[in-house]
Amino acid sequence: MADTGKKANRDLLSSEVKDYDIEQQYDIQSIVSEMANSGGFESRNLAYGVDILRSMISEQNCTKFLSFVGSLISTGTRGIIRDMLKKKMFDVIITTCGAIDHDIARTYDRYYAGDFRMNDGMLLENNIHRLGNVLVPMENYGPLIEEKVQKCLNDMYNEGMRDVATFEITSHIGSTLDESSFLYWAHKNKIPVIVPGIVDGAVGSQVWLFYQQHKDLKIDILKDQNKISDLVFEAKKSGAFMIGGGISKHHTLWWNQFRGGLDYAVYITTADEWDGSLSGALVAEAISWGKVTTKASQITIHGEASTLLPFIYAALRASTKNK
Amino acid sequence: MADTGKKANRDLLSSEVKDYDIEQQYDIQSIVSEMANSGGFESRNLAYGVDILRSMISEQNCTKFLSFVGSLISTGTRGIIRDMLKKKMFDVIITTCGAIDHDIARTYDRYYAGDFRMNDGMLLENNIHRLGNVLVPMENYGPLIEEKVQKCLNDMYNEGMRDVATFEITSHIGSTLDESSFLYWAHKNKIPVIVPGIVDGAVGSQVWLFYQQHKDLKIDILKDQNKISDLVFEAKKSGAFMIGGGISKHHTLWWNQFRGGLDYAVYITTADEWDGSLSGALVAEAISWGKVTTKASQITIHGEASTLLPFIYAALRASTKNK
Amino acid sequence: MADTGKKANRDLLSSEVKDYDIEQQYDIQSIVSEMANSGGFESRNLAYGVDILRSMISEQNCTKFLSFVGSLISTGTRGIIRDMLKKKMFDVIITTCGAIDHDIARTYDRYYAGDFRMNDGMLLENNIHRLGNVLVPMENYGPLIEEKVQKCLNDMYNEGMRDVATFEITSHIGSTLDESSFLYWAHKNKIPVIVPGIVDGAVGSQVWLFYQQHKDLKIDILKDQNKISDLVFEAKKSGAFMIGGGISKHHTLWWNQFRGGLDYAVYITTADEWDGSLSGALVAEAISWGKVTTKASQITIHGEASTLLPFIYAALRASTKNK
Amino acid sequence: MADTGKKANRDLLSSEVKDYDIEQQYDIQSIVSEMANSGGFESRNLAYGVDILRSMISEQNCTKFLSFVGSLISTGTRGIIRDMLKKKMFDVIITTCGAIDHDIARTYDRYYAGDFRMNDGMLLENNIHRLGNVLVPMENYGPLIEEKVQKCLNDMYNEGMRDVATFEITSHIGSTLDESSFLYWAHKNKIPVIVPGIVDGAVGSQVWLFYQQHKDLKIDILKDQNKISDLVFEAKKSGAFMIGGGISKHHTLWWNQFRGGLDYAVYITTADEWDGSLSGALVAEAISWGKVTTKASQITIHGEASTLLPFIYAALRASTKNK
């Protein structure tokens, strides 16, 4: 620890850590700007993520992917996803069946705040499902989704549809929902919502149930792949905002390998890298697979999406408004 | 801290914490037995998990699900999955496209040990993909899977198959592989391997590619649902060993709600509960959804599967052998 | 899933999940208000945490503890800690030696932004220490702290101090620093900074070094305990904002058991609960030890402090200003 | 994905991933051997960790540090720590006050298995403390530790001890305990147990209480530093097994910088790297600080210690026995 006269190589030291000075300005844009110079740890990644998203969204010749996990739609975060589609920030959505289920359920009825520690046997007896700290009244979920989706499928069937892609199902459902729904805005703004694992949830089970009676209505999952393929091969540039891991993240990355990789990529996750899981893998890993370009603007933000997304979205909106 | 004369209510204190005494016996069964009495923290869950699996596997009238994430098949853990199927420990597999991809690739060629810190741009230049700390030579993955799967699809097509379920694709592929493969043993032992999100990976993309030339070969994802439905509705009891989260875990839980819930459930995960994700949700949460019965033998083991599975499997085998 | 006519027990459903509507208002206070009604997942905890802190800080008869881990002081977050002390939001600080070390180093010289993936052997050759993604030039750390702290200790010694408490050392050091420093403001505002593990870091090693020459200068760690004891026993109410786990969190909780527990407690952590660690334990666990009262306003916020603290502090400031 | 003729650079591919074959051999040593060749993910690190520990322990000229967190001593893992000291595997212990507290309490009375979900208010009413999923009867903790430690301190005082180091306190306490205790074996085998944050726990509070009556009994924390200093400067080589993070990990690393760094280092942690915390930092980061040598045999094993330690210890013992 004694002074050895050794000096740090200045070539490696370019960007100085600056302390926050929130006393002067505490609007969201100023805070995010200060984060960029805060040195560490994830705050810097959040600031850079906002920056990448801002560039990506303003880039005309860029096909923009939004992927997210289903659980978020059971929370208030649904309002942010909805607004991002209302404002046409993205060109294509890749998500899970759960996201569709919750969007339908919450258009027609309510979910409630609960607690992670509630007794699940007690909740079952009280006809309440638990999703983390969110409570889902039984009648607002299964039976409601059944009624609404069977009606949709019946209408689609009567219109002559037979081999349906998931983006066709989600678009039709969206057309029946109201302005609170992200599927509504995706439908209205012609943004395809693709659900690669659609059988894994309530809507998927409803399609399967309908199919028991109408063996000629099938899910044509390859038609979805055609749709993504068209989007990917037409894209001059491509970018993705991936909220959470699993199949929605992977499918977004997967398809972008076929055009040489994403040019922009922002990923929010709580998952650990060290277990080798797809969800824990940094965006950077995708470079070795050609799914993200070597020169891409890309960042992984470690954090919980329901906490970070409101700030990220507000920062994006604030900067647009100021223009 | 002074003695107030207060005494703990003994009704709440039944199972005493006992220290390990590994000096005497350090075979795997003794260690797992000692874990059961170790008080905390996850060791106790591991011991209970082994106990549940042992009961479940020996239960004749129980339909047994095994679900796992794809990344594990890129590691040596593939050998354990394979052996569990070789020994017919499970009746149905639910997994991801990645698992299928890696099983094919590794039947024909090799993967290598790498490091989480390797530079991904450098790896790309050297034609190597990175999956955590596993290295995948480019030629052993995409082109190899393309060649083998196109051959399989062509054969299936020539045999007259048109609307194919994922369990049919995986069974056919399994029939072409060798004894190192888990798909081979699933095929040989007539254990269906269902891949609800099959389009999300290399095999899925190969089916899509084949379909470009043969528009009448389609994936009939609802046929898979029929298969699971039959299994679920015929089951007198059901149980699941779920290794990792995401779609394979959720689909296993999802279907078991239609028969009143799993009677046995063991789940291994690294995911956090507090972010509300499906992957982080304890098995107990599924009770409120009717996916696991209130009286089920069930446990969530927090830990990394590649580290825990060899010990769990060895403990299961050791106890069988001793019988 | 079919409609069974079962209805959820409304007694368990009080607080409805509301979607964000950030279009209208995206100032920090509005966002945090909306979080309170967002249902899940950690966003609700963040909103509640801000609410508790606001009540606690405005409570006159409450002794307020602030605890934090050292690594934060290597980042821009130091500016927020500093401002909280400048504004006298807290009455006593419990922290680690690392926090003191970084505060001294960064008063006199600079730290820089780096990357988690930098090669540590290379950095050593270039005389740079790495702390996560923060870079510490060698000469701005060890030798600088040595020079400054030896001078402080010499002055204290010459003033006749012999058995020194850690709060005396930190106060003296603070008196020599400038307005960028949190120790400076703690000193100026007579807020004791207590470091229960002071020997574990650069300042601690300097005291030890000084003691080699002056065997009569000793650290009197029990004098610190007297100081906390006085604060705790005089407190009509007590509250704590604990940023990160380890010894600083535990010592804060520990002492508050002797007055019947904290009345307010907000804890930010990334640690997992399931490993039984103190850092992962929810604040609620401390209730069973009498360290937090049964009726306390208390919350654990899972998330990364450098990302959340700027938003939390801005929300606290915004609400004060509006008053 | 089509075959481009590109081939991976074989220079980067040396160690092939091999599948487990547990059918033949499922003793603990065979499993750990297979882990070394399993490619990914943490299993490989565990195997390497066992290998490093084996080399370190058999190295005559190496001073061996063992550090661990306190919570482990509340579980059966205490038996493994005890046996490692009984077998003189380590030369010095660095730990927390909690470890000492639990060792004393559990020598004289019992802890019990509980559940993470128990209601803490209810437990308080029943005079039970909760530590994760371990239950601590109130009378077996505070009042018991008070009685035993006051007696120890009184004896030490009567023997004329005044300025006591923590290793002296722990040695004296150890002399009063039985063979179930790790402090007993540390005492018997003359292995110093150093507690840099001793004031932070029950024993620390007892010393403070004693000092209220006997102002001349003080803790001389710098005497501990002398002890470590002697060990470090005399060491030809040094190594450390660090179980869990926080002050015990940091203090072990910290002191080894003064002799040029650890030659062997194995660290078990559940903490995330991305938050910049000391607990989450890989051992590799310490290289940039000179706390671990550039050429050290070192590894970070991500996992939960109560689950991994029994297997690690059994593997170490098995290999010794086979010799």
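Think of it as A, B, C and D in the order they're written, each chain with its own count starting at 1.
Simple rule for what comes next: contacts are C-beta pairs under 8 Å (C-beta built on N, C-alpha and C of every residue); 3 or more make two chains touch, one makes a residue touch a chain.
What you see is a predicted model; the values in this text were computed from it and never measured.
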| item | value |
| --- | --- |
| Taking each chain's C-alpha mean as its centre, the one farthest from chain B | C |
| Pair of chains joined by more contacts [C-beta pairs], A-D or C-D | C-D |
| Rounded Å distance, chain C centre to chain D centre (Cα mean) | 25 |
| Averaged-CA centre spacing for the pair chain C and chain A, given as whole angstrom | 33 |
| Inter-centroid spacing, chain D versus chain A (mean Cα positions, whole Å) | 41 |
| Sequence positions of chain A contacting 2 or more other chains | 1, 40-42, 71, 74-75, 123, 128, 131-134, 205, 272-276, 302, 304, 306 |
| Chain D-touching residues of chain B, taken from the complex the two chains share | 1-4, 6-9, 12-23, 26-28, 31, 34-35, 37-44, 46, 71, 74-80, 82-83, 106, 110-114, 123, 126-128, 131-135, 137-140, 142-143, 145-147, 180, 202, 205, 302-304, 306-308, 310-311, 313-314, 317-318 |
| Chain B-touching residues of chain A, taken from the complex the two chains share | 69-72, 74-75, 96, 98, 116, 120-121, 123-124, 128-134, 163, 196-201, 204-205, 207-208, 211, 218-222, 224-226, 229, 244-247, 250-251, 254, 270-281, 284-290, 294, 304-306 |
| Of chain C, residues touching chain B in the complex | 1, 40-42, 117, 257-258, 272-276, 302 |
